[in-house]
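First chain written, first letter: the chains are A, B and C, and each begins at residue 1.
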Amino acid sequence: MKPRLTLRWIVFAVAVFVMNFPVISTLVTAFKSPGEVSRNPSLWIETPTFENFATVLTTSDRLNIYNYLWNSTVAAGIGAVLPIVVAFPLAWAIVRRGVGRAILFPLVVNLRALPLIIFAIPIYMMFSVAGLLDTRLGLGLILAVVNLPLALMLLVNAVAEIPHEIEEAAHMDGARLPRLLFRIVLPLCRPALITTFIFGFITAWNEFLFGLMLTTSKAVPMTVGASFFFATSGGGVQWGVAAAVMVVAALPPLALGLVMYRRITGSLVAGAVKG
Amino acid sequence: MASRQHRENALLASPLVLFLLLILGFPTVLSLIYGFSETSFETLMQPQFSGLQNFRDVLGDPTFWQAAGFSLRFGLITAVLQCALGLALAVYLAPLVRAHPWTVAILIIPMIVAPAMMGLMYRLVLHEFAGPLPHYLYQWFGWSPSFLGPAHVFKTVVLAETLQWTPFAFLLFLTAYQSIPSELREAASVDGARPLRLFWKIEWPLMLPTVFVALFIRFIDGFRVFDNIYTLVGSGPGGSTTSMSIYIYETFLRRGEIGKAMAAAILLFLTAFLLLALGQWLTRRRRP
Amino acid sequence: MKIRHNLRAGVAALALVAAGSVQAEVTVLGWPGGPEEAALRAVTEIYNAKADVAEENKVELLFTSRDGFFDKLQVDLAAGSTAFDLNLIATYSIGRYAPYMEPVTLSDQAGTVFGDTVLKTMQFDGKQYGVPTDLSLHFLYYRTDLIDALLADDAAKAKYSEIAQQHLGKAMEPKAPADWTWEDFVANALYFSQSVNPDSPTRYGTVIQAKNLLFNMMVFHSWPRSYGGNWMDDAGNITVDSEAFRTALSQAKLLFDLGATPPDSTSYEYAEANAAYASGQVAAMVQWNAAAGELTAAQAATGTTAPPAGPEGKFTHIHGLGLGLNKAAENKDGAIAFLQWLSTEEAALAYAKAGGAPGLAADTAAKLAADRPDLVQVGDYASNFGFVMNGGTSEKALSVYEAQAKEFTGFWAGTQDLDTALKNATAAMSELLK
């Protein structure tokens, strides 16, 4: 048994290195000085420096990365929770009662294939009337729409996984629908709910175009704020600073993913097996 | 009883339906109007009804078909590659993961990075003079392919997408694999089945539904690809890396042909809707 | 109808939730990063410190991503945004945004400070839509050490001549870059490429940024222009399918085919091309004047001159950046006051001293000769070699650049031949410029 695990360690290491190569390389670049970036493209850092991170993390009247992080946290939080809230009851109705299976379900799922940015103009008009432009709530609402298809897919599969007998038994005991849903089905779906939340949060955190269109100053999210640090189409491009800001911007979803990885692995069982 | 169930059903569906109507109701109505009108950014408030003209324009636009072809090829190839790689990794690494669960966390890092940033990262990584990959290739072999040149750009974006999203497929397969009841495996081993035979006879059939789900999700995501390709190479020389999303985006914002962009989006949505409905109908027929 | 009604009720409910924003200032939407931001900040500070600027007319700066800036601006303006009073405009995009902007009257000094050529870069349909802040044009950057060595070495000269004979059909002599024609540029690029000349000290003779991107067409345009090329003639006929464009496009294609520019350069934009030059593996390139600092810092032996000449002479594509007035602005009077001040000599000089690159009339630039000698060079090139294509400020100018970017890069990358590229470009431009 032992030697076969060794071989697996090697495969693991190679897979991690290859798949994460751009990430590793960016991490290395973030610790190089501007001069070294243009001189030394290798993965070896001659004189490591925290200069780039200092540039990114120092606040000024010009750029405040903590604002962007906070905006993204709130907006992505809304964008991850709201789809679960609205999709969960329907998911149960779809599986157990066939409600909306013919039209509503494929309609929502197919939203994933559309570039939703084509709705930018009407959404902009609506938000401007409603005072939602440049607010975290407004951005969060749109991110919720973006996440809705995957949330519905994962939750439908999760409900379908729950053995029918458990619900039958509860029904026999005379449990009414709300009790059945929130006391019995919801806890059983917990792993899928967590998965959906994590995927949703990461997707929402990483969204760029709506963040660009719907915010100007107060609610600017991290992805848009990050691009302020490296003007790729003009000015001097500082790859070191760009790398540092990418590292900082990726840390919160990374932390969330790592903390909850056990949940991810545990819950997709429920989410995926029944097509 | 029936009417109570009816009321309950309506109540269960209402949060999602209301939410969708609230956010997308007005945009959908307006977009449908735009789809059948001649509309530019200056005439947002006075769209001129033009019947099916936008649809004729889209269907007669070679770039649209080029984009559809690109997205289809890209979606299919990346979905198959990701699922094959993800499945192989999941099955082979399952014992390792069982012993050391933290290894999963390391493997899923790529999909946590924003695709737009991944595109930017590759711009640096693959740069002939500033990127580490060409640097080492030159150092070791005195030669490096032009990753983003016309000859290799398609392969490069396919590879970039595959490497970033293989973890997604890996994760789906890993959980499906781990949920196969151990009695089944043990029974087969007692019968003397070798690992490969065990896989094909027992594990593969049980994982098949997950394979379909994974292929479906990865195909949709590959078909609608935007961020990473756009930041890495844009729409490509001569428009050679124009995906469907990039086509719609550029028609909409860059060329300001709002009606035409809407028409393309409507066609895309209808096609996807019909395909999915057809798929559901087929699967339901297969399981009586 | 029912849906509409529900929607309105819902929107009203949401409006109660969201807090309204209060604006008492003049807000300006600009590009972050680079000298433009630093200079704009500096002059804003001076303006806000003035005693006669009322509290509610103080200027506040907003910045948004350069990537996608014009897409965002399009949506903002078309939907009647009041999030900013003034916004950045560029020569090639004035026509596109003019419907949502208001013409402005500049200060009396504007004519003498900037001169007519530069003021024109901010005009559309004969009306002034903004105050010019920065002027962009192109330099030929070259490695003085390499060129000097070539000019001093007879064997190298012979090799150069032989390469020119083989690929361009005539034996050419190396020359100083200030005297180059585009043929010299091509011959030099071939000589300094290892694919053509294995002994070359650099891997590539030049780097052409050829990503399918509108800005890259601007860099290229000086080339066909010097052969007499234009977008259209005075009668409005599209003239892109001309000998001038054919010559320039084919000469560039030769460099791609023979490996005189990096094979990846069909995906390069500004940053990548600069990184290639900075690495020391490129002998000469045409690039924006804004790159001077970065390129000289990386390669000390860098000379700059105007782009090479063609039969019609030397040319450089120019465009201006500036600030203009949003039609939906909430504080128009305050915004106009700021624009008028920006067009005074005081503001222009302060802007230049803080690192900006305003296009100044010779007399004004002379006052800065000690601080910013480069502005004298920019002003000189702009007035002697600067051009804007016929139709370059029209409503659809941006889209014309984009259509050309798609077709021309396709030709260079080998996905289509020259005839197809020019035929498609002509068709697209006829549609856009009619």
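We adopt the following convention: a contact is a pair of C-beta atoms (placed from the backbone, for glycine too) under 8 Å apart; a residue touches a chain by one contact, two chains touch by 3 or more.
Here the structure is a predicted model, which is why all the values come from computation and not from measurement.
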Chain separated most widely from subunit A, comparing mean CA positions: C
Higher-contact pair (C-beta pairs counted), A-B versus B-C: A-B
Distance from the mean Cα position of subunit C to that of subunit B, given in whole angstrom: 36
Centre distance in Å when subunit A and subunit B are each reduced to the mean of their C-alpha atoms: 15
Subunit A, residues touching no fewer than two other chains: 38, 120-121, 126, 208, 232, 239
Residues of subunit C whose C-beta touches two or more other chains: 11, 14, 67, 71, 75, 78-79, 271, 275, 278-279
Shared interface positions of subunit B, touching two or more other chains: 18, 26, 44, 127, 129-130, 253
Subunit B partner contacts - residues on subunit A that touch it in the complex: 4-5, 8-9, 11-12, 15-16, 18-23, 25-26, 28-29, 37-38, 41-43, 82, 85-87, 89-90, 92-93, 97, 99-102, 104, 106-110, 112-115, 117-123, 126, 141-142, 144-145, 148, 150, 152-153, 157, 177, 202, 205-206, 208, 223, 226, 232, 239, 242-243, 246, 249-250, 253-254, 257-258, 261-262, 264-269, 271-275
Partner subunit B, residues of subunit C touching it in the complex: 3-4, 6-7, 10-11, 14, 67, 71, 74-75, 78-79, 96, 99, 210-213, 262-264, 266-267, 271-272, 275-276, 278-279, 281, 398-399, 402, 406-407, 409-416, 421
Of subunit B, residues touching subunit C in the complex: 18, 21-22, 25-26, 29, 41-42, 44, 123, 126-130, 146-151, 153, 231-240, 250, 253-256
Residues of subunit A defined as touching subunit C within the complex: 38, 62-63, 120-121, 124-126, 128-135, 137-138, 208-209, 212-213, 216-218, 220, 224, 227-237, 239
Residue numbers on subunit B that touch subunit A, as the complex places them: 5, 8-9, 11-13, 15-20, 23-24, 26-28, 30-31, 44, 89, 92-93, 95-97, 99, 101-118, 120-122, 124-125, 127, 129-136, 163-164, 166-167, 171-172, 174-176, 178-179, 209-210, 212-214, 217, 220-221, 223-224, 226-227, 244-245, 248-249, 252-253, 258, 261-262, 265, 268-269, 272-273, 276-277, 280, 283
